[in-house]
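The structures considered in this document are given below.
Two complexes come next, and they have one chain in common, chain A, joined by chain B in the first and chain C in the second.
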Partner chain A sequence: MQIFPFIVVVWIVGIGLYGIVTSRHLVHQIMCLIVVQSSTYVLLLAVGYLTGGAAPYFSDIPTRTRAVDPVVQALALTDVVVEAAVTALLLSFAIQAHKRFGTLDPQELASLRG
Partner chain B sequence: MTPAARRLVFLVGAAGLAVFYLFGLSGLPGFGRYPGPYGFIVNRVTVAQTNATGVVSAVNFEYRGFDTVGEEFILFAAAAGMAVVLRHLRGEHEGAPLEEAADRDLPPTSDAVRMVALLFTGPIVLIGWWLASHAQASPSGGFQGGVVIATGFVLLYLSGEFQVFRRLTPADVTAAVEAVGAGGFVGTGLAAVAMSLPYLTNFLPLGTVPGAVSSSGTIALVSFFVGLEVTAAFILVIGELLRQTLLLRGGKS
Partner chain C sequence: MNQLFALAVTVPLAAAAAICALRPFFDRRRWLLDLAAIVTAGSVVVMLALIMARVAGGDQVYWFAGFRPARGVAIGIDFEAGSLSAGLATLGAVLVTASMTFSRRYFERVATYYHALMLIFLAGMTGFCLTGDIFDLFVWFELMGVAAYALTAYRPEERGPLQGALNFAITNSIGAYLSLSGIALVYGGSGALNMAQIGAWTTRHPGSRLVVVAFLLILAGLLVKAAIVPFHFWLADAHAVAPTPVCVLFSGVMVELGLYGIARVYWSMFAGALGHQYGLSRLLLVLGAVTAVVGALYCFRERHIKRLLAFSTISHSGILLAAIGRFAPLGLTGAAVYIIGHALVKAALFLCTGIVLHRLGTVDEVRLHGQGRRLRATGLVYAVAALGLADLPPLTTFLAEGWSDEAGPGWAVAIFLACVIVTGAAVLRVGLGVFYGVGDPPGEDPQQAREAAEETGETVTGRHHTPLSMIIPAAVLAGAAIAIGCLGFAGLGAAVEAAAVRFQDQGAYIATVLHGARIAHPVAPFPAAEASASGASVATGVAVAAGSVAVALLTLYRRRLRLPGLYRRRPRRLARPWPRAAMILEGFQSGVINDYVAWLVLGLACLGGLIALIVH
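Coming up: the complex of A and B.
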């Protein structure tokens, strides 16, 4: 079971991408992008995990305790913030696209562009 | 390209991805066998070096502080970008929200929703504040706390009307708070430079008790500024999206 978390990662990427490719609605497509990105949380935390390791918070455990990697956890935090920012921007683009073209179907949007 | 063809192309690509991914996995250390060394080193030195017992916050606001400046400005740029993208288009103006069906009025906010929302607003802002001010000792910090505080303002919106939310969070005040948050972070770094130390060096006294609120020097200060910035950025983003419900196209009203 040593590679199971990494299989989960690629599975999440896969279903997210499948959703993006087959999506008929921009908001749905943005949500699929969020799914793709959430795979990176699993990846980051899986990379830094140490069997039996404590959480990297030494408030109530001795500082010599073996703990999991805090650097990847900090990266996951960065990841969440960037995802929120990207999602907000994409949603505002979707709003403007709907105002302008009256549809949110990527297929129709592509054909409107000509 | 038809949807079916697109799906076929995707499946071929996904199969290729799966093959190369599995091939790549074969050389990696397995799950739970983190080889180090950075995580072990950071875990060992953080408490002694910074008096922060929450190592993740210490990494974010101290060891990777410069990266976090960039991260904060991604959020800053996104909030600014939304304001630009969602500006009033020609022929748009604000009006009262209309129910699309002409024969009924807007339903009033239910008393149950209103009461629960008002009841929770205070505690949620308090929890957010607690999170933002305990970055050095627990899995919290400015980013988490800021989002939670912004949620409190969204509850105000739920409990009443958009106009109440808007009166409580005027755009210029929110934007000023956001600027103070972003500027405070950068300024903390520059203050170190002014003392001829490297950018974002922890120049404040570290306190005596590891993990106390008064400990960890600039980590706590930067977390506070990040909390301000994130709160304001999220309120701006949410307000900008909610404002769209008031916009009417020239012809419709």
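Coming up: the complex of A and C.
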């Protein structure tokens, strides 16, 4: 395993969390959440990658060929599905917030309550 | 017969899909919709109870599609059921059944997706408890999460639910992604996703830095779910605004599932590699103590009843984390029994609060003072459940207090008992004031009243009768707490302790899953006296309950006794009499997601630093 992809992962998590903490706009905040999640794709790919490995389709190559790990793509795909569900739900909340209260600022939403 | 394992999750999922598909049909036949949901949840209870009976003699493993492991390598995906995991899943299903029955009359009009979401939530809980695959653990976690976010925002036309759901969803999602990162790392090291196989690998690589980092990340994600300080902020926001029958599930099992996840992951994957380190145990103890104190302080100063109950859940979650963190069989026994007792009485309390909202139209303690005198049955159930929360024998919780404190240092025991007294007093204060009119009539502060009035709209209010379908589930749950507490005198403790010893035996877990071994539960591993209801536990329980009643009466008559004002206000508009430290505490629960995530990052950094220090 190389160290470089892991530095990238930490960087992506860092900027994502920074974005969520400083954002004043819900949609922007949700996008930052997606950024945090996308770090897990990079991590999964980095974990499964094998330098010089072939694609794991053994129909036209000998079964003993070194290939990259096929499991991580299944994990990443599941991860994408989860993300799609969470993002869609969160964006629908944001739309409702804008429709009903005319604001997408999390601080305003919090202070106007009650 | 083995198909029960698969059916326990596929039945609720299929029922949820069918309910959505047949929506136009169900829209006109509300009773059929309720019946379908209650019957589905009830059938899951039966299935899980059958599984519990079957695993009483020893854990069982179910391999989906029959892909059994070959030579210690897991090929398929498994469900692993032991007494503790199946028991927790059963508890969840019982609470879903109770709250679906309650919802029947609670919601005048309800969209079909409410029932579907509840059933998906149920499937998520069951899968989370039973799965033996770490990636599936994440998927069930997220399935449960997405259903919970949507249920929180069940009334999206109001500001509170939207904001609570957003905070809940964003913090919990970040937690889940941290867990997933940990899972990816441990997969990269071991090449396995099966928890037993990973456990076998980590045991061969003790002290590996990768294992420590993976443990930290998975732990952090589960701590968010378990609402441990400083990851707890989302909980009160979500609980205050979610519909009451949903709060029953959130407080009763969802938070506890986070703690169960920590125990499961630790003892299946990391116990061998990390060892039962004194430092790690101390860290969890301190985290638990801080959480218990913070939860109790907020709980005591709250006047919104649902929020008050939510803060008491945070406090109890801290006590449970410390008990699990003892890494001793007696600690886990205490935690398991405490989870049962707490879930039953907390659910009953939330259901009673729902009835109050249904009948009287508010959950503000001050406005309700003396208003609930007519609700005799509700008042009785509430009082019994509140005393149960304050450890009164024979309600289950008193059993656990002694066991979970057994191995702890004296200062921790004192803190936890004090927290139980304070939260118990807060809950009793509400009961005595609302249902029996005890105490000084409150003076009204219009600004505070406005701040407290964030409920409304979730049920049609001002009804003249309490429907039986609302009071019976609450009474049954409180009665179950008494019945199980009485079992404590008849050897419940020894049985749970045997299950706890089995749960903590990583070697036996690996052998069961990977090599198909049939290992019976150890019989009476400890002197029976140690794990049964003793005179000391009864005495402690009575003393704690008496202390709670005393503190509750003191706060109710605070004006006559010239004690300072009680309730917390929103930040920036603080009352004088409270010390500065309390004012600083107020500012934390700001309701702004940015602050919560900042705390989460800070907490993660501190946790990482401490674990790095401890392990090396």
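Definition applied: the second predicted complex is superposed on the first by the 111 of 114 C-alpha atoms of A that agree within 3 Å, B and C clash if a C-alpha of one lies under 4 Å from a C-alpha of the other, contacts with A are read in each partner's own complex, and residues count from 1 in each chain.
In this text, a residue touches a chain if its C-beta (ideal position, glycine included) is under 8 Å from a C-beta of that chain, and two chains touch if they have at least 3 such contacts.
Because the structure is predicted, anything quoted here is derived from the model rather than measured.
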{"item": "Partner chain(s) touched by A:101 [first = chain B, second = chain C, both, neither]", "value": "second"}
{"item": "Chain B versus chain C as contact partner of A:44, first or second or both or neither", "value": "second"}
{"item": "Which of chain B and chain C A:5 touches, first, second, both or neither", "value": "first"}
{"item": "Chain B versus chain C as contact partner of A:85, first or second or both or neither", "value": "both"}
{"item": "First (chain B), second (chain C), both or neither touched by A:33", "value": "second"}
{"item": "Chain B versus chain C as contact partner of A:59, first or second or both or neither", "value": "first"}
{"item": "Overlapping contact positions on chain A, where the chain C interface meets the chain B interface", "value": "1, 13, 17, 21-22, 46-48, 69, 71-72, 78, 82, 85-86, 89, 92-93, 96, 107"}
{"item": "For the chain A and chain C complex, residues of the former touching the latter", "value": "1, 9, 13, 17, 20-23, 26, 29-30, 33, 36-37, 39-40, 43-44, 46-48, 69, 71-72, 75, 78-79, 82, 85-86, 89-90, 92-94, 96-97, 100-101, 106-107, 109-114"}
{"item": "Chain B contact footprint on chain A (complex, rising order)", "value": "1-6, 10, 13-14, 17-18, 21-22, 46-51, 53, 55-59, 63-64, 66-74, 77-78, 80-82, 84-86, 88-89, 91-93, 95-96, 99, 107"}
{"item": "Residues of chain B that touch chain A when the two form their complex", "value": "3, 6-7, 10, 14, 17-18, 21, 25, 28, 30-34, 36, 38-40, 42-44, 46-48, 53-56, 58-60, 64, 67-68, 71, 74-75, 77-79, 81-82, 85-86, 89, 137-139, 141, 143, 147, 210-211, 230, 234, 237, 240-241, 244, 249"}
{"item": "Chain A partner contacts - residues on chain C that touch it in the complex", "value": "135, 139, 142, 145-146, 149-150, 153, 156-160, 162-163, 165-166, 169-170, 173-174, 176-177, 180-181, 184-185, 187-188, 191, 193, 450-454, 570, 590-594, 597-598, 601"}
